[in-house]
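Next come two complexes, and both contain chain A; in the first it sits with chain B, in the second with chain C.
Right, the complex of A and B next:
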């Protein structure tokens, strides 16, 4: 356990296989027979209009919302439970816990011995070493999201589900945090929901667009090159335009 | 510090103004002292009766504190039980409503009949008065834990017991704090009503006796001590709640 905390100890994160997934809320079908696969170790961004069911899909994969039908499994055959960490739009820091204790929340909730050294190291990775003992209320929005990121990484799980984690931040803070996240999230299988085409293009290996009622997934768009990509990369700008076109087309149907 | 001085000065000014109005009304309408004694009469009664007022105040204080302690314990336990065991809600809710709906005035004679003239009946009366606000506010707080916090705890594979202890309970503390404040403010009602119905000590007992002998100045003196007691109690509980809930209120955490 002497490796830096940003480098996870598993050799290969598992992929996620989604087969014939159906989710309904009452009479309303969110999606039906949805099937797709996320390759192990890849970073996939999921885009689409608001209210289409992206968050519902993420919550279903996280095991928070039981599907009506279908199967979610890991590509290596082992169960997915206990291998997924979730980070939402809100930082969900517990206001009565210090930043450090928020990072170690998982240990506390599972009744395990908290790993202070690892939590402190992770806080240092996201630039919050100095604020470990502060209460969340004293942090700025960007700091709070970084603390939430450290808490997500502390869970030490190969699969990460991120629901617009950076959407509430200003453009500069967001760009910085994206770069940090891209490094810290290497060697994880990541599914990221975002409304920001730029964010999707900078961070991910593959883009998926969700459209329609009930929702379906468009063909995957592969994004070549190493992440995080520079925001002024011409290829990235082209792709961003293409993506925006698709999103606009999708929202008309 | 400057603030505290200001608050003290303002309180004093209000108090002095009130005393002057009081004295003015008596002089103006020539109210006899057995109907409404003047501030000086009440002050004299306070001084001459100080020993008896002090010892009776201690009786009432003990009743209130015991009632508060047990009431908060039983109320918090009820709220926790209703949160942890869902079927209990349907069974306990009616009990809770009834505990609030039956006026304590109607119940006090029965309590004295059952538990005697001593402290027990007053402690139970105070308990009954505060049971509902404590249980209702705490239960509400426990139920309204942000869905986001619960989802997060769920993805961290927390057991329901740990979620209750580490998530729901602290998240419900602000609501519990409001319940405690209300409880501190109304607990004296229960104790005093219990004393009025039948007792051998306490400020209610002093008032009852003085009232029967038309010693109106002593009734006012006892009321004054009771008011001081109530304000002090509320201030202490308020401090305690602020210390317990040290984090600032959050907004928009689902």
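Right, the complex of A and C next:
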């Protein structure tokens, strides 16, 4: 990513270490003593049935939902806060701000000087250069999702938590955006929630499947080779079948 | 499709109004209804023309009380709701009393208020009473609006390091705006009702509002003049409603779901 010198870049994005994390909503235990690690600079896809607690896990890592117990830390020992960008299921664009101002929202809130050039460049990356001054209500669902992605990238954080960022897109736009994202998200530590085994297999270095109540994580599945992988790669198709099998097995329990 | 044609939206209700007036006039003349029961529209018009000066002065008095009460209700309601949103304890402590103020019939408090402000300052009593009636919708709507900001957007603000002030002014208040404007539409009408009811109960001292004109005309059996005052009150209410609807449209048209024209 061609960040201007005003924004400090990172040489190696930190990994995330999750230790004995427990989350409860009232009497309901979402997960208990959950421990896993995400290597710095890796792209991890998190799959699992709806309602299992994937989004809750992401929000807990982002610091939005306080856990009952457990510890979330960065592998380099420095605090994780302010190094995480989060993109939710909904686009969360502010209806009264133009697309451009939505992208630059973070810097405005922090009282920094908004970097218009970079915001416009990111909008161009996601194919929204023409709509920079439009209001979100005039955009289609896919366009809004792309604007939200541009905003997440504008935050310029080494750790990205993405909750089904491409789910609202049509197949063609999704495939294109996945390829762009794979480029743009290089040199980030990414945890991506997705329901799409194909998406998981194309983009990630490692897959994790979350199942059960309270939820547990299955053994990591390593995906070899450079990303983004071609959709017709035979190895990818095999892996996708394997993944579907695991998901189906997980949803029966 | 019919409901969308702008011309018809004005023309149809207008035609109904004209039709009713013509029928009214015709029936009153045909059955020779006594003027003290139901005056004909032309008689009402004549009564208005003959008393235009004092009716317009009264209209101005009522308008002043209404607008002042409404403005205070908006400022007070939004202000207190903002305070509530910042501090749950204050909300817990004060909200029940706001409800008490709302549910106690204003007519019942009127004599007390009048005694407190003094009979020489009846217009102050009118203002306070109209404000009591108009205040609560502003408070409850704004409170609801401030709470209804999307939780995910709040999370986003938290993540982006927004201050409490920024969250209030840039997220909660804009999210509450449709609720505030809806509250204003209710409150504007209630301020007028409050001003009139208060004047019925408390009188209006030296300056005379439209409510007092109605009482006065009724006592003197000047029913045509009473109708004229009544029409002025309706007209005032309609004008307030339209002004607030226009404000709502102008404020929300660019971004709110209720006003944005869809492309798809």
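Here, the second predicted complex is superposed on the first by the 245 of 253 C-alpha atoms of A that agree within 3 Å, B and C clash if a C-alpha of one lies under 4 Å from a C-alpha of the other, contacts with A are read in each partner's own complex, and residues count from 1 in each chain.
Here is the rule we use: contacts are C-beta pairs under 8 Å (C-beta built on N, C-alpha and C of every residue); 3 or more make two chains touch, one makes a residue touch a chain.
Since we're looking at a predicted model, the values are computed, not measured.
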Room on chain A for both chain B and chain C (clash or fit): clash
Partner chain(s) touched by A:158 [first = chain B, second = chain C, both, neither]: neither
Partner chain in contact with A:142 - chain B first, chain C second, else both or neither: neither
Which of chain B and chain C A:197 touches, first, second, both or neither: neither
Shared chain A contacts, counted only where both chain B and chain C touch the same residue: 59, 62-64, 82, 84-86, 88, 90, 92, 94-96, 105-106, 109-110, 135, 137, 155
Chain A - residues contacting chain B, complex: 59, 62-64, 81-82, 84-86, 88, 90, 92, 94-96, 105-106, 108-111, 135, 137, 155
Residues of chain C touching chain A in the complex: 150, 152-153, 155-163, 166, 170-171, 174, 254-257, 260, 263-264
Parts of chain B lying in touch with chain A, wherever the complex brings them together: 146, 148-149, 151-159, 162-163, 166-167, 170, 173, 246-248, 250, 252-254
Chain A residues within the chain C interface of the complex: 59, 62-64, 82, 84-86, 88, 90, 92, 94-96, 105-106, 109-110, 135-138, 140, 155
